[in-house]
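You will see two complexes here that share subunit A, one where it goes with subunit B and one where it goes with subunit C.
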Partner chain A sequence: MKLEIENLSVAYDTGAVLHGLSLQMEEGEFLSILGPSGCGKTTLMKAIAGIVPVQGGHIYLDGQEITALPIHKRGTVVVFQDMRLFPHKTVAENVAFPLKMQGVAKGERLRRARELLQTVQMGGYENRRPSELSGGQQQRVALARALAAKPRLLLLDEAFSALDENLREEMRNLVLQLKEEFQMTVILVTHDREEALSMSDRIALMFEGRLIQCGTPWQVYTQPVSRQAADYFGNCVYLPGTVEQGMFTAPGIRFPTEKAEGNYELLLRPDCLSILDAGDYPVTVETISFRGSDTVVHLRGTDGVLWKKAFTGKVNLQVGDTLRAALTIENPVLFEVSSAQ
Partner chain B sequence: MKEKTAIILLLAPFGLLMAVVAAAVGNVLVQSVGYIPAFGLTKPTLDYYLQVFTRADFLSAVWVSLRIALFSSVLSCILGVLVSMALIRCGKTRGGILYAIRAPILVPHAVVAVFIIQLLSQNGLAARVGFALGLLEDSAQFPQLLYTPGYWGTILAYLWKEIPFVAYFVLAFMGSISATLGEAAENLGASALRSFWEITLPMSIPVIARAFLIIFIFAFGGYELPLLLGATAPKALSVQTYLAYTSPDLLQRPLAMAMNAVMLLLSSLLALIFGSLVFRLNRRMGGGK
Partner chain C sequence: MKKHPLMKLVLVIALGLIVLPMAVVLLWSVTRRWPWPLLLPESYTLRTVRELLTGSASLPKLLLSSIGLALTVAVLGTIIAMMTARATELHEFRGKTLVRHGAFLPLLVPGTVFAMGIQLTLIRLGLSDTIAGVILVHLIAAVPYCITIMTDMTAAVGNKLEQQAMVLGAAPARAFFEVTLPGLLPGVLSSMSMGFILSYSQYFSTLIIGGGRVKTMALVLVPYIQSGDRALASVYSVAFVASALLVFFVFEGLLHALQKRGDRI
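Entry: the complex of A and B
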């Protein structure tokens, strides 16, 4: 289902949370929203679902304006961060609840509930109460209950956070598979960058109630629009330099650019640094920490920049070694340094 | 050691209170079997209980009190819950409105009785307004609510006080249920009404039941309102008992005490039955822990 959000503003009595936010989604798209805690992700989900009143802007689903539609008529289902299972109903009754609201007969809806519980690997728990389940089990029941509603738009608010790594992987795959099957459009709110990068068609980065960037995982990771956006994915290194006459220059680096003249910082990530070459960028090994699947080595450049590079396999380095590394820059990203600083 | 003394000190006032209650109950029971040496009654007997249960005025008094208690508690719970729900739906669960709701709870019963007389007697405010608007040809056409065996005036007075009490009592709890689980239900396709009916109301039954019990027991034993607004006959249980107690005929004393004992017994029995019902409900709600 096509979703369009125009200039959405939401405020609580504690102050404004969303400031004129706009977003477009295509039918069947999987969008992840990434952003620091408290930036308004849950609020955005609730605004789309009609749970919090909006102060301004419009929301369209499939071309139909739903901004003023009551909650239960929107067809947008949220899997809440705090799950919100009904404690006085059994697991099966919880999952059957949306079907009950649609008027599906009892036998049929319990059968469907049982099926859905099987898909989220919760078969056999039908007659338990939610209070008798673990956090991860509750999350899976909440997911099954949301799917039972056959939403036009599924909103997952950190729906996998209580699951362990294996189960999380399975639930992700399940959601992706069901998304295809039910032709759902899905928004996933998450703190997990890798989850967002690996699952999504597109990622929206949110800071303080605004979307600062929206694009494919590749775009968002490799072409961040600001230092804030770049830093969100971490592991960034910035080399200060200047642009003069169409050339960016920093110690040991020079390449043509279309940026206007001025002071810039060049964004680099550890994959730009290759230490096996006999390059012209000397670095010193500061620390070596083994982490199981890889080893992280902190390398200090002569310009004082600290690189945190992960190596797989055996690392033949000693603290204090000096290496002749090389920088390879494929898609340089430059951020202007404001002259005020 | 120190802790123990602290606990004993803290519990002392409560213990004292309980001791007084126990002594009073014991006194009632002893006197009710006709043992009052001061009046020259020394032979225990169950005759007074027999008398109590065969007296028509006592039985109708039990009936009157039960009726008042039942009507006022059931109606105030239903209406109080509706008021609370209405407040929640318009997002008014905090601030000034709470003071407005609390006001009737603080008004003494005797004052409420005066209000009700001013408002509902046949030459009261309601009757006169009805007459002025041409709804009534004569203010005496206004239904007789006060001093009648139906005790409607008493019930209305209780409603005036207890509807706000129920609304206040359940508001915070229902509000939080509605804001989380009720919202989730609507999100899953339930209309506001169904979400209330399927989720918020059943989840709130234990709290509502507690409010019900408080009102019921209070109205069952309440004295001022049935005295001031009720009929001369049949009387409410509390009024009947007090009358017997203050009778100049001292030999009525054991009878009054037997009535008291029966009232106590009925109240405790009702509270007990009700308490166990609520306990079971609570367990079924999955919130028993």
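Entry: the complex of A and C
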């Protein structure tokens, strides 16, 4: 379903959490709300679901205003991080719960619950108690139960962070597959960059109750709007330089730009640095740490910039080696350094 | 779990403090003469039992009114406590701490002082000498304890499941009954037991506010203790304890039945 949020403000007793936030979402889209803990992303999710009262702004679902609609009438279903299966009910009754609320007859709702459990590969667990299931199984049941409610909008609240690494991968794939199968519009609230980058159609990046940037994973990663946004994805290196007469100049680098004259920092990520070429950017090996699947090498440029680069396969380097590396920049991102600093 | 030897000692002492006096009361209830320094009574009688069963105060009527009154207090007290606990645990509002601590104010004032004070108010309200008045006064005694139990329980259960239920399409009341109440059930039963026993054992407040029109077991029992008819006082005590225990057993059974039912559907 199409979701529109206009100028949304939410405040708790302790102060404002969301400051006039706006966001649009298309039908069938998978959007991740990404941000550090405490940035207000969970509050935004709760405001959409109607769990927290909003102080200002509007929320529309398919053009219909739902800002004042009670929780149970919104059709926005949340899968919480802690699953929240009902401990007094069996797995089948948990999944059948939304249907029971819709007044579906008992036989029919249990039949549908069985079907949905099959979909999430939990067939045969109908009569178990939630407490008898593992974390991953509980997550599957929670998903099946959410699907039973036929959500207009499915909200996943840090849904995978309670699971261990392997299981997380499996659940992500399951969610993407279910999204296609049931043609759902999904919002994933997460602080996990990799998760957001790999799963979403678009990412909404949040800091301190504000939406900083919204775009495809590629845009958000390669064209961050600020250093803060860039740093959130990590592995950033900044080369200080200046723009004069339409040219950015830094040690070893020179390219034309449309930016105004002044001091800038050029955003670089390790993939800009190629080691094997005989380039004009000398770096010294500082540390080498083997991590199994790859080896991380810390390299210090002559300009003092520290690079972390991962290599796969055998690394024939020694600490102290000096290499002639090269910098290749395809889409340069420049952040202005304010002269006040 | 391995039992600590000290724990065992505490258990034995506690048991001795309950079982021994109870045994003495049981013995006294059928004693005709028990002169000092005999270890056991000199002679026994069933006079007391006859008096209990067929005496001036009709036992079935007495039990019915006492238990009925105490159950009413237990149910009302638990409902009030549940609502108070939900308000203070799940909602934010001004004066929340005041409500939370204010609920315990009745405990600070001695019961006798309190009963005499509130009687004036109840007379003014036309509730003196009525069952409603007695229920009200018993509630004031019982609710603080019920609130303590329900507050802890509500804090433990929280409203997360209720939120989940609402998100899945359940109206607020439905969500409460479907997913929160089953979790609260043990607390509800404890709170009802507490409310029951507090009302059941009220003497002075029942006497003052009930004005003798509201008859309870405690009201009949206490004068016998004061008048010194130990045998009769004992037989009433036995009936008092036995009837209270019976109600507890019913509560306990109800809890198990409800939890079993919850297990099935």
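Here are a few things to note about the model shown:
Here, the second predicted complex is superposed on the first by the 338 of 341 C-alpha atoms of A that agree within 3 Å, B and C clash if a C-alpha of one lies under 4 Å from a C-alpha of the other, contacts with A are read in each partner's own complex, and residues count from 1 in each chain.
Definition applied: a contact is a pair of C-beta atoms (placed from the backbone, for glycine too) under 8 Å apart; a residue touches a chain by one contact, two chains touch by 3 or more.
What you see is a predicted model; the values in this text were computed from it and never measured.
For the composite obtained by overlaying on subunit A, subunit B and subunit C cannot both be accommodated without a clash.
Of the two partner chains, both subunit B and subunit C are touched by A:Arg84. By the touch criterion defined above, A:Thr328 lies against neither subunit B nor subunit C after alignment on the C-alpha atoms of chain A.
In the superposition on chain A, contact of A:Ala49 is made with both subunit B and subunit C. Contacts of A:Asn7 after superposition on the shared chain: neither subunit B nor subunit C is touched. Of the two partner chains placed by the overlay, subunit B and subunit C both lie in contact with A:His72. Touch criterion met: A:Glu93 reaches subunit C, while subunit B stays clear of it.
Overlap of the subunit B and subunit C interfaces on subunit A comprises residues 49, 51, 70-72, 76-78, 80, 82, 84, 86-88, 97-98, 101-102, 145-146, 149. Remark: subunit B residues 180-181, 183-192, 194-195, 198-199, 202-203, 284-287, 289 touch subunit A in the complex. Listed in rising order, the residues of subunit C touching subunit A in the complex are 92, 160-161, 163-172, 174-175, 178-179, 182-183, 262-263, 265. Chain contact summary for the complex, subunit A toward subunit B: residues 49, 51, 70-72, 76-78, 80, 82, 84, 86-88, 97-98, 100-102, 129-131, 145-146, 149.
Residues 13, 49, 51, 70-72, 75-78, 80, 82, 84, 86-88, 93, 97-98, 101-102, 145-146, 148-149 of subunit A touch subunit C in their complex.
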